[in-house]
Structure formats: structure tokens, C-alpha cells
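Look for chain A in each of the two complexes below; its partner is chain B in the first and chain C in the second.
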Partner chain A sequence: MANNTMLINFKPNPSFLGRLNGSTKVPLFAVVLTAVLMSFDIRIIAPILLLSSVALSTLKPNKTILKASMIFFVVLNVINIILFWLVDPNVGSFYLGGDRTPLFNVGNMVLTQESLWYLSVRFIKIFTSFMVSLVFIFSITPSQLAAGLASLKVPPKIAAIISLTFRFIPDLANDFQLMKISLQARGLELDASKVNPLERLKRNITLLIPFLLTSFNRVEVVANALDLRGFGHQKKRTYYVEEPPTLADKLMKGLTWLCLFGVMSYVIYMNTLAPTQDMWAFWK
Partner chain B sequence: MKTAKLILGEWNTKTIVGVALGAALFGVLMVFGGITVFTNTRLTTAFLVPVVVGALFGPLPAAVSAGLGNVVADFIGAWGYWFDWSVGNAVLGFFIGLLPVYGAIITKGKFNLIHAIIFVITGFVGNVVAFGLVTPLVTLALYGGELNITLAQAWAAGISNSVVLVVGGLPLLFALARVYASSTNLTKE
Partner chain C sequence: MTSRPFIQFNNFTFRYDSQTEPTLIDINLTIHEGEKVLILGQSGSGKSTLMHCMNGLIPFSYPGEIKGECLIQNQPSTSLSLFKIGQRCGSILQDSDAQFVSLSVGEDVAFVLENQNIERSIMIEKVKEATSKVHMSDFLTQVPFQLSGGQKQKVALAGVLHDEVEGLLFDEPLASLDPVSAKAAIELIDELHQSGKTMIIIEHRFEDVILKEVDRVIVMHEGRIVYDGDVDQLLKLSLCSKYGLREPLYLQALKTFNVPLDSQQSWAFLSSMIIPAFDLPALRPDVNTQSNECVLSFNHVSFQYDERPLIQDVSFNLYQGERIALIGENGAGKSTLAKLMCGILRPQEGNIMLLNQESSALSIAQIGQKIGLVMQNPNHMIAKQSVEEEILFALRLRHKDEELIQSKLIEVLVMSDLKPMRRWPVKALSYGQKKRLTVAAILALSPDILILDEPTAGQDYAHYTEIMSFLESLHKKTQLTFIFITHDMHLAMEHTDRALVLSQGKLIYDGPTFMALSDESLMSQASLRPTSLLGLAQQTGHDPATLAYHFIKEFHHGQ
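After this line comes the complex of A and B, so read on.
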């Protein structure tokens, strides 16, 4: 990724989601993400995937970044899924009541219908959680994130740590890029066609130590700037970006409560009344 | 009393900014500064970050920046959310960050061979506790059946982290101690 600065926004996105308050977006994201993570039920995950795709398209994210992250996602997760299957070829049977329906052989290993289903659902689930994260990250600014966390009764200091973390990412990526370029200008060869991968890795690590040391120099500057503005003097604070809720905010808040109710009833049902904890599959 | 303060760290503005910076660095390095060695497990340089945070602010700040950094990495890293590993990484961050507690006060340029040996041992113990004990327990509580894969991942993570800590962490600590020693500029006569 050549330009990481595009990943975190400092100005609110002009779309519908971008204009919502931080205190609306953060709880909504938390509830939707919980809904994705709580189960391996494709009937819950698929609609969220659809909705988050629509939401992502309204945000009009930078195309090259989106493409790069999609390629990154697919390569990484296909490798992960294959390794997962190699470690435990019968993983699906565990989640689907112990059935084992062989589909075909790969070498001397058997791919079962259950494992194929489980691994596909797992892939879709991780993809959905990634899409939800992308929607969140493209629609929020670090200040809105802090305001949203504070509205969830997170102490302002912790909210500040989390929002500063996101605020630092583009700066650090820029710094690393600059340091790399300047050391290359002084003759450090990092070109993939000229240095073998192991040597390149080693040189990247030697680059890392000065990068880490200089990064922490900025702590003092930022901390002084915060202190000068009276950071942390009181237990409570307000946020400049937090505006009076609009109709859209109220509607989305209602939706969040509805989703929360759904998530909670699902969790309670699955842990008490449900006849089986097995995951849902279309043939059962 | 003094040890308790060393362990918890002093949560002033500087620590808050340092922890946030550490978490951001940890997240970025975990995503972009490593190679995959096993399913969802990477040989990552990220564990050099809690080394610095621990040296400057103490164990608890190091733990927070490692744990939060892992959540950030999950956020931008496209491999799904694994909070069991965030907890495990926080525990390892705590062990790595114990530096000031056993007398390796880097900010005063104090880091010698004995400190280095203790650092390697705590790093090893930290890996065993974090990935051999804490992570599997949290996995069991949060994700139920995925214990087999977690145990296999734990081996890969423990070994690759230990390698990174010894190969990268030690030179980093010596460099850091040198930087601070030269800035104090005073010698005992």
C-alpha cells in the first residue's frame, strides 16, 4: 500500500453514514460486529454482508486502496483456510454433529462436505467482519471515535488512547515510507529484483530499529500539546465533533437497539433453549 | 509500594500518548511488518514495540499497547477478530515490559548483560504463560471448539516471537540504553 494516509479520514465522509454522530456510529458498529462474530450461521451473516457492501458503496472509498485490500484479504485468507484444513481435515464434522460425507480425495486426504461447508462459512464470516470494519473505518474520524466511545461511558483517557492510536497510523506509515526512501537514497538496496528475500527482510529489520527509536520522540511533543490544552484535568469532557442528534441519528440509534435486542435474544436462545449447538447447514 | 507503581506505570499524559503510539506501531507492524508462518500466525516484528514501551513506561502500559495494538491489527488486517490472541499478546507484552521492575532502567542508560539474560528469560516465560496457558483458556471461553488450532498456533507464535525478541529486542534495548546514557552525560567518579 503506497499511500496509507488514505486509510484513516480526518474529515467526515460526506455520505449519510459519514454525517452521523460518533455516538451513533460506535454502538452501531459494536452491535453489528458482535452479530457477525457470535455465530457461524450463514442466515445471519449473509444479510449483514449484503448491507455492509451497500454501505461501503455509498462511502465511495478510494478504488486503489479497496482493490489492494481485497487482494490482500483473499490471498491471506485462502492460505489460512488451506493451512487450517491441512491441520484438521475433519474440522467440519465437529461443528455439524459428527457427520462425515466424503466428497473427493486430495492426495491421501479426504475433503468432506462438512469441512467444505464449515471452511466456506468461516471465510464468508471473516470477509463480512472485514467489510463491516472497512465501512466503519471509512465512515469515521478519530475524533468521532473518541466521542462515540465516551458516549458508551468509556473513561475519556481510554477513549483518548484509542482515538490517538488510529490518529497515529497514517503519520507512522508516512514516516516509515520517508525513512525507507532516504536510506535507499543513501545506498541501501531494497529492490526486490536485486536483493534476495531473506536479505531484504534483514535490511527491513535494520531499518526498523531507528524507526522505532525516532517514533517515540514525538511522544513528548504530542503530550506537551495535550497538556497545554488542559487534557485530563477533569473526569468528564465534551467533544467538539459531537453535534445535537438529527433525525438520521435517532433512526440509527433505534436500529442499534433493535439489533442489540436481536443479538441478545439469539445468544440467550442458543445457550438455553436451542436443541443443538451445531451450526446450520442447508442440507440439514 | 514502589514496585506496585513500577508495575502499574504512571498514567500521565505522556504515558497515554506513548501507549497510543505503541498500539499504533504494534498494529501497523503486525499487518505490514511480518511474514505468515502458519494459519493466522505471523513471524512479526511487532513485539519490538512493547520492548520500547516497557522500557520507557513499564509493564502495564506495554501490555495495553500490545493488546490494543492486536485489536487494531485485527481491524485493518483482514484476518478476522481474535480477541483470545489480543489477551495473550497483552500478557506477553506485560512480561516483556517488566524491564524497569528488575532494575533495567533504560531511561537512565542502565542495561547490562545480566539485565539482558533476565530479559530473555522473562520473554521465554512470557511466551509460555501467554500462549501456553492464557490464550487457550480464553479461546475455550470465547470460541469453544477451536482449541486444537489454537494450540498449534501457540507453538508457532511462541517460537517466532522468541526469535524476534532475542534477535531484534536485545540490540534494540542496547541501542536505546546508549541513546539515553549519552543524553544524561554524567559519570560517577
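After this line comes the complex of A and C, so read on.
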């Protein structure tokens, strides 16, 4: 199984972001993602969207995977905001101080300027969080992720479980493939053109039993391999992938702190001191 | 050699908590520092448990009852910890893939250092040093999926080589390696032994390990040590067959031909043996099976993946009842060829005829009724919980008539000697029985061709014999065409008539198996290692093909 299959990078991406340390990247993304998720302010979200688009392009991700996930996400979100609007056509007024400026009618429902604004911001916000996550996924290796999580005081055992999971996903996928071939050759039809999706799903579940059994066998060996090499012997551990911080690492760390302060003060302000504050709109 | 004991067992008995009977009984054994010891024994003889006692998994990971004592450098293992034992004695496990727990070579070698919270700059140096000892310095950034089994094993070895570890424990290091990598592994182990380390090797591939000298051999049988001495005595006492081990092939051959051997000389190294001359009858050509019906033919088949040619212009015809060995090194295209046969892959050029039908017109399931694929790992094939259900699974998918299904089920159960176990849960079966079950499940489809991918990989001689004699008798009863995909030259020689040798996707040989295995230049062209029969032929001045031919004939006769 080669590099970059199923979204996971096993080798560091050669770009600027890819070369950053895990302990730089994980906090940075954590802060940026929190910023996007906690605010409904286009003045914060739009620049992040712009930056993450630029970042994504530097990572040169696999085009087919990117396109497929993009389409999936956009369609899902469009449905989501349409449903929001159908449930309450006046949803925007609630967030924008009760104003109601009708734009036009769709059937017997009204689309207001406020709702259009609210739903657009909502769409951009969710899309941005998706973009940030993509940048994160494409720029980090599981080992960097483990090192990064450990730097955030996540216990090394939990960080290791995460990176071990990634380590064995391709092996498990390979096992699954072999079992599928074996059962197909014995007459289990799994061809999409010949079996309806529900039946295919059921038949794939048949495969799960042998799959789980082989996976359990592996667990014992992995556990022994970990024990024999002193895993968990000390509370703290170091990371081979965690290189000495470069200038880029230091700069990005500074940026993370800056963001953290900005975001925290904004979030605290919005959620505690000004809970009734309306969301920002360009005409207000 | 120093005489300081490294590991010492005194009247040691061990019973796993989950079992009623002890697995190790009254073990008395001292392994000295700097020794190279080979521990032999068939599956279930207790050799893996003995290894667990040496590396600390017993008592720290597997609970059980210990009587007597196990000392590691004069300290009871129970007073140490897994970590402390690991610092003195590194373990290399059998499954080279599952023990690769990190995501790159460098990280995996560093894993033990990471756990010791060692500073990265020191770690980098140590990783460099350890990887250079196993000749893997150029692979530091490689991910596990890019490495072969042999390379992963070297990484595991480097991972425990830090800090001047005193001893190294190898659990069946050759189990998943092809003959050429196995030779390399044995040479590397010897190289590290020369540098002064204590080496403990647990194996059942006896002949492969003694390519390089070992100081002592210990044979385990039913939980006890039944032999503790040098290789030579073990061979001369003919203890191998008694304890389910395979004798070196050259000795088997010499005994088969009734050649009297001088017991004053060492029998451990063929090249230094003085062998009296013996006569062999002239080579007689085999009965031609090619008058039978042609069941499968490849016509100029090519297949490439990502612009990398995997199979190039391969043509051959297989006839009913033939036993074929498909051999070649890892990556030579053996499994691609098998996938093409089964319709899992389709040729980009050329065509495949299956019983006079164009294979491209058939679905995988349709081809599966004619060509059965028995995979290497039975766990990849068994989908149901009981023996009966497993065989019925494919039958029910294809037939509606319950009477026909039941009669076919009985037929297959009888044919594969599984009838008494028909209601057993799959979990209760041994490896050999599971293998038989997977073959039975395929036989239920009444195929014309059976492809067996490494049917005996990782099995000791007793299980090897069990599986192969089952397949032999099956072949006699059914006259199916058998295709063995294998690295095991012994298997190819003893159980197949014709060999297809692949090298870099090309078919470089198609003819009698014994001729292929006796052809030194062909073997080296295909990166395969000839058996010791070739060496024996060279030393005694016989034609290698004649020697091999008569050996196989006599050997089968003897069985």
C-alpha cells in the first residue's frame, strides 16, 4: 500500500506546513478550528477560509480524493441550510436583532435578507471548518499527530493508540480485500451492477466475522511488541519525529498564541459579556 | 568463550493460568554469555513458552504458576521487570509485520528510546548506529508498507540493538522469509554473534539455521528438554524424525541411497564431508501427462499496474491431473499470475482459456467454480463459525436442491477427513485442520483446478507432512490439477511434477521440477536458493537432475 491512500499521509508532506513539527501544527489547528466553530463572524471566518485555501493548494493533495470529498461536503451542506430555512424562514431575524427585510418569495415562503445572510455565513463557516480540517489531514502524519497531542498534555498512551490505529489501517484494509476476494471466488456476488446496495451491505457484513477474528489475533502480538520495548515504562516519552523547532516553527507558535488570545477574548466576550449581541452584518 | 551464565533455568516448571497441565516441565538449562544456541522443537513443544520466560513476558504479561527458578544474569526474572530484562536481552518476534509498531523505519528503531524519554539528538545517533549494524541505514524514512518481510525483520532487530544489549532472542526468524532472505538473516545473526552477543534462536527450519555454525542445539518435546548438545550428535543419533523435525535434505538423500557414512567425521557441514562413491541408475523420462485434456492455457498474457509491467508475455498450457509448482522470488509475479487465473485481475494483452472457454467472458464467481484458490492464511478464508456451515456456505449460494447440498457436504467431509468434526466450531481446529477445512470448502464447488498459495508456510515438519499427505491423497482420489505457489523448494521437489519459474514477470522456465531445481544458473537467475541436493550432487560427481529424480522417487516409495 502506497503513501497517501485513504487520506492518510505516512510520509511528511514536503511543503512548508508539512515540515512543521507536530507540536506546532496540532495546537495551531486546534486554535484555528475553535475560532471557526465558536464564531459566527464573517470577518474572522473569511480570512481563515482564504488562508486555508492557499494552504491547501501548497499541499498538492490528491485531486480525486479532494474532488470527491468536496462534492460530498458541499451537497450535504446545501441540504442542511435549505432544511434550516424550511424549518424557520425567519431564522436570520433571530440572530440579527429581529429585523425582517423580505427579498422575494419562493412559493408561499419568504426569503429575508437576514435569513440569506445568516444561512450564507453558516454555509461558509461549516465549509471553512471543513477546509481547515482538510489542510490538517493533508499536512500531518500520524506520528506528528501523536507527538502534537503529547505536547498538548494528552497522555502518551492515548496518543500512541491513535498512531497505532493509523499504522494498521492499511494492513487491515489489505486483509479485508483478501477475504473479499476469497468469498467472491466462492460465489458471493458483490458486484455493484448485480446486487442491490442493501444486499451488498449485508454481504459485506458476512466478511466482518473473519475480519475481526484475524484482527484480534494481531492485537496480542502488537501488545507483546509494545511491552517488550518498554512502552509505558515511563510517564513521559520523547518523539523521534519531533525535530528541534525551526524559525518557521517558532513563528507559527507565536501566531498560535496570538490567535489563542484573540479567539479566547472574543469568545469570552461574545459568550459571557455580550450574549445578546447580534451577529455582524455588512449593512449594520 | 566466557563461562558466565546468561540465562539459567533450575528445575523450572511453568503452567499458564488458563491451562490445567504445565507447558514447561522440569527445565534445567544454562546458556552462557557469548553462546549461540538453537532451540528446536515442533509446534506445541513449549519452545515459544520457553522464549516468553527468557524475555519476561512470563511472568509479567502471561500469568501462571512457576516452580523452580529462571535467572537472568544471576537475578531471578521475577525480581526484574519487562523493561530491565529487555535491556539485557532483546526479542525479535516471529510476526515481523505486527511488531513494526511505528510509521517509519527510523521511528520504529527509535521506539524503545522514545519510551525511555531519551533526548532526540542522542536518539538520532543511536538509531544511525543500530541501523548501520543491520545494513538498513538507507531506509530510515521508508514506511512499513514499502518493506519486505526480511527488511521489517532487520528493523525489529535494530530496534533492540541499542545500549550494547547482551543477548538477542529470535522467535522463528525464518518463518515468513523466502529462501534468499532467510540465508541473509542467518548470515546477519552470525555477524552479530561474532561481535560477542549471546544468540538464542528458536526455529524448526533446522537445515537453514545450521548454514552457519551454532554452538549448541536444544531440542524441546512435550514441554521437556530432550536433547542438549552439538548439531553433529543430533544428526548422528537420528533424533530429528523422532521429534518431528526435518532432517537436512542431503542426509535424507544419503540415507535413502543407503550410502554408509563415516561417523568419525562431522555430518553438520556437507561441504566438509567425505562421502563414499555410490551408483545411481540412468535418468528415465517421466510419463507424459500432456496427453490429458488441457484445462487452462495462457496465451501471451501481459498485465501491468501503474505502468509497471507485472506479467510480460506469459504463455503455458496446464493439463488435467498435473501438479504444478509456481516458483519465483517475492515480487516475481506469482500472486499476480494467480489473480489473473482467478479472474480477480484481467489481462491487458493476450487471453486466458479455461476449459476451452474464454475466461474474459466469465465472472469471478463463475471462474471460482472451475479454479479454487486456497489462500495462505486460513483465517482470511473462513467466514462461518462451524465446519459444516463453512462448507455449506458456498454450496447454498450455488444450489437450491437441499438433497444435493447434503450429499455434496458428506462427500466433501469424507474426502477431507473432517466428518467426525463436522459440528466442531472453527475455533477448536488446529492449523492443519483449518487448512483442510479451507480446501474442503473449495472442493464443495467441484473445481477442476486448485491453486494453493504457500499451503505449509510457517509450519513445522509434522504439520507440513500432515498437510501435504492430505493433499497427496486428495490428488490421487480426484485427479484435479494442483498449482502450488511456493517458496519451499522441498515442497516443490517432493510434491510437484512440473515447475513454472517466474522472474521479473517473465516465465523463464517451464518443465520438470527436478530439472529446474537442479539447474544452478536458473536458480540464481530467479534469485532462488537451490536445495542441498545440488551441493551433494556436485560433491559426489553425479548429475544433479539424476540425483534429484531418484531421490524423489525413492523417497516417495519409502513413505
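Couple of notes before you dig in:
Here, the second predicted complex is superposed on the first by the 205 of 284 C-alpha atoms of A that agree within 3 Å, B and C clash if a C-alpha of one lies under 4 Å from a C-alpha of the other, contacts with A are read in each partner's own complex, and residues count from 1 in each chain.
Following the convention adopted for this analysis, a contact is a pair of C-beta atoms (placed from the backbone, for glycine too) under 8 Å apart; a residue touches a chain by one contact, two chains touch by 3 or more.
Here the structure is a predicted model, which is why all the values come from computation and not from measurement.
Of the two partner chains, chain C is the only one touched by A:F10; chain B is not. Applying the stated contact rule after C-alpha superposition, one finds that A:L164 touches each of chain B and chain C.
When the two structures are aligned on the shared chain, A:F94 is found in touch with chain B, with no touch to chain C. With both structures placed on the common chain, the touch criterion links A:R229 to chain C but leaves chain B unconnected. By the touch criterion stated above, A:T214 is placed in contact with chain C alone, chain B being left untouched. In the superposition on chain A, A:L178 contacts chain C only, with no contact to chain B.
Legend: residue contacts after superposition of the two complexes on their common chain; A:Y239 is shown touching chain C, with no touch to chain B. When the two complexes are superposed on chain A, the residues of chain A that touch both chain B and chain C are 1, 164, 166-167, 209, 213, 218, 222-223, 226-227, 231-232.
Listed in rising order, the residues of chain C touching chain A in the complex are 55-57, 60-61, 81-83, 86, 91, 93, 95, 97-104, 106-107, 110-121, 123-124, 127, 141, 143-146, 159-160, 339, 342, 344, 363-365, 367-369, 371-373, 375, 377, 379-385, 393-394, 397-398, 441-442, 445. Chain A contributes residues 1-3, 10-11, 141-143, 163-164, 166-167, 170-171, 175, 178-179, 181-189, 191, 206-207, 209-210, 213-214, 217-218, 221-234, 236-244 to its touches with chain C in the complex. Looking at the complex, you find that chain B touches chain A at residues 11-14, 16-21, 23-25, 27-29, 32-33, 35-36, 38-40, 45, 48-49, 52, 56, 64, 68-69, 72, 75-76, 78-81, 145, 148-149, 152, 167-168, 171-172, 175-176, 179. Contact residues of chain A toward chain B in the complex are 1, 7, 33, 37, 69, 72-73, 76-77, 79-81, 83-84, 87-88, 91, 94-95, 125-126, 129-130, 133, 137, 157, 160-162, 164-169, 172-173, 176, 201, 204-205, 208-209, 212-213, 215-216, 218-220, 222-223, 226-227, 231-232.
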